[in-house]
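Read from first to last, the chains carry the letters A, B, C and D; within each, the first residue is number 1.
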């Protein structure tokens, strides 16, 4: 493709004003749609990590009185 | 005989299993989508001859039509997922329904913009109250309503179920809107946009169109999986498998 | 974390046939964190159960599940031996929650008349007597918005007398009540139990109950 | 043992209706607001468009319809709000009556309290914009069918937002797609009547939609409420 035909390709027979914005919107909107969850994923994992760090810190502090039950669903029936 | 279907479906609907499954499929889907998209664009923008009647601007249809189709298709997927979420209360179905909504809204938005660009060229106006454009606009509002309702709840799962109900109401609404707007158009003698005229389409135009349809489908799968994976991470952020992923990410 | 401590009750369910209300491994989570549970208990006729626990230990959540307004995440509930759905027990259960369900613009009499009507009855002659019984005679036609918090509670308690229900679910019935009011709740409960009714009562404090030793469930945070 | 009698549905319906109408009457100041709003909006149109009779006459039908729709939207958020806040809704859900029927009664009471006053002032609004007197019966017929339809659709959406914080804008966004057909047929009937064309068809469509909605909307409303409050 030489220079002249390339520029005529971009000119789209005088309809560049309509064709290229359409394709631009297509690409930009889908790119945004693609990137949004990637950023959100990073944020979510960061939050999980910081929560884990907080819990570890609490556990370390609480380990002084020794046997504290592991967090979870370990409830049982305790008779008085 | 149908015993095996619920079994593998049940397994797949477990969040960590689906997370891995979607993660392994997603790169393939997006690669194929981009590849097909580039081929379709090349075919549509370069190889297809310019139409002797309409000039070059008909090339908008190579994105307008696939996007319009996807906007309806995704609403259908969302409706099915919403139905499953409400009847069987499956977490994955809620996630799929809610992850579909923004993608569908994006495609609807593209359809509207490209449609109005086309309208500007054909009738010298950005917006005409044509039956199809109006229905598409209503569809966009339905998507936005679902998204807004979902985000107005503090509890994600409750928001998802409520928005799923709205999506189902919308499914009944779309044909009614289309019918009423059509009736309204005959009453007011509005204009009709015909991107694909009754004339037969040349093969040189048809194959890029179909390729682009395949590309948008694959893109939807890839984007849906990406969003669903993040939503699952958020929903299950207290579970061990998410913690493991969070830790591995920091090392990797 | 929850620990279930069940005191030895007067009757075991087996002695009385199918229990009125039975919970098996009932649990509820919010965002993966246990609100309460796994809980096992059963309630037969003429029995009172106290659900004790601090604020935020899941008492109200448990109550809402027992009414059927909320679905348990895990476990099962049975009403007279059948799986509990929200329409199965309605009419046999009356619920008194944090929000009393009274209209501030209506009088006590009008509020109670609505309750009677809602339960499908027409005869409103009992209203006067019920309001006297809860100590509100003379205030029948005052708008509820002008009553004190304790008086509002008494109006809601009068509802228990007007609606024929076997199971009373009372969420914090003692809150906002003075000494006489607390006694009133006890009297109402004793009379209900004596007539073959059952009740589930949540409370964050100690409860004096004279009609025998109630079952106790303790919810820990 | 304590005996439980068979509950009477008719008494329950009457009780709900009587209570909600009594409440509406006690708070009648709130009832006047939508009417006032409709009057203000309608009187703004001539200021914006100029007092040309011909122009106003042409847009009168549509303006009155849209104004009444917006006025209803204004009052819609309050349909179940106070019942959720004071716990009455829980009592309603636990009553030994079909919830859908009870909610249908609540929607009916809400329609009587908010839409009926608007329909009463509709001829006045139409007169302000010089709608021909011959079209006013069609306007009233269209409103009598369209407003209950909007109340029923609104009831479902209000039930869906029951678990959220106050959200008037959200309700508008959700209602817009649903009310498009209603507006189209109601305004279509008016336009046809104004041009002297037969207007029965759109009115009949509205009537058919109303019959369907009367049956289905309370059921959907009950289902939506159970989903939205299940937290």
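By our rule, a contact is a pair of C-beta atoms (placed from the backbone, for glycine too) under 8 Å apart; a residue touches a chain by one contact, two chains touch by 3 or more.
These numbers were taken from a predicted model, which means no experiment stands behind them.
The busiest chain interface, judged by C-beta pairs in contact, is C-D. Of all chains, the one whose Cα centroid sits at the greatest distance from that of chain B is C.
Distance between chain B and chain C, defined via averaged C-alpha coordinates, is recorded as 48 Å. Per-chain CA centroids place chain B at a distance of 33 Å from chain D. Per-chain CA centroids place chain A at a distance of 19 Å from chain B. Centre-to-centre separation between chain A and chain D, using Cα means, comes to 42 Å.
None of the residues of chain A touches two or more other chains. The residues of chain B that reach two or more other chains are 155, 237, listed in rising order.
In chain C, no residue touches two or more other chains. Taken in their complex, chain A has these residues touching chain B: 9, 12-15, 18-19, 21-23, 25-26, 29-30, 32-34, 36-38, 40-41, 44-45, 47-49, 51-52.
Within the complex formed with chain A, the residues of chain B that make contact are 30, 41, 45-46, 50, 55-57, 59-60, 63-64, 67, 102-103, 106, 109-110, 113-114, 117-118, 120-121, 219, 223, 226-227, 229-230, 233-234, 237, 242-243, 245-247, 249-250.
On chain D, the positions that touch chain C within their shared complex are 1-9, 11-12, 14-16, 18-19, 22-23, 26-27, 82, 85-88, 90-97, 102, 226, 229-231. Within the complex, the chain B residues that touch chain D are 86, 138-139, 141-142, 144-145, 148-149, 152-153, 155, 158, 161-162, 165-166, 169-170, 173, 176-177, 179-181, 183-184, 187. Residues 156-157, 160-161, 163-165, 167, 170, 173-174, 176-178, 180-181, 184-185, 188, 191-192, 202, 220, 223-224, 227-228, 230-231 of chain D are the ones that touch chain B when the two sit in their complex.
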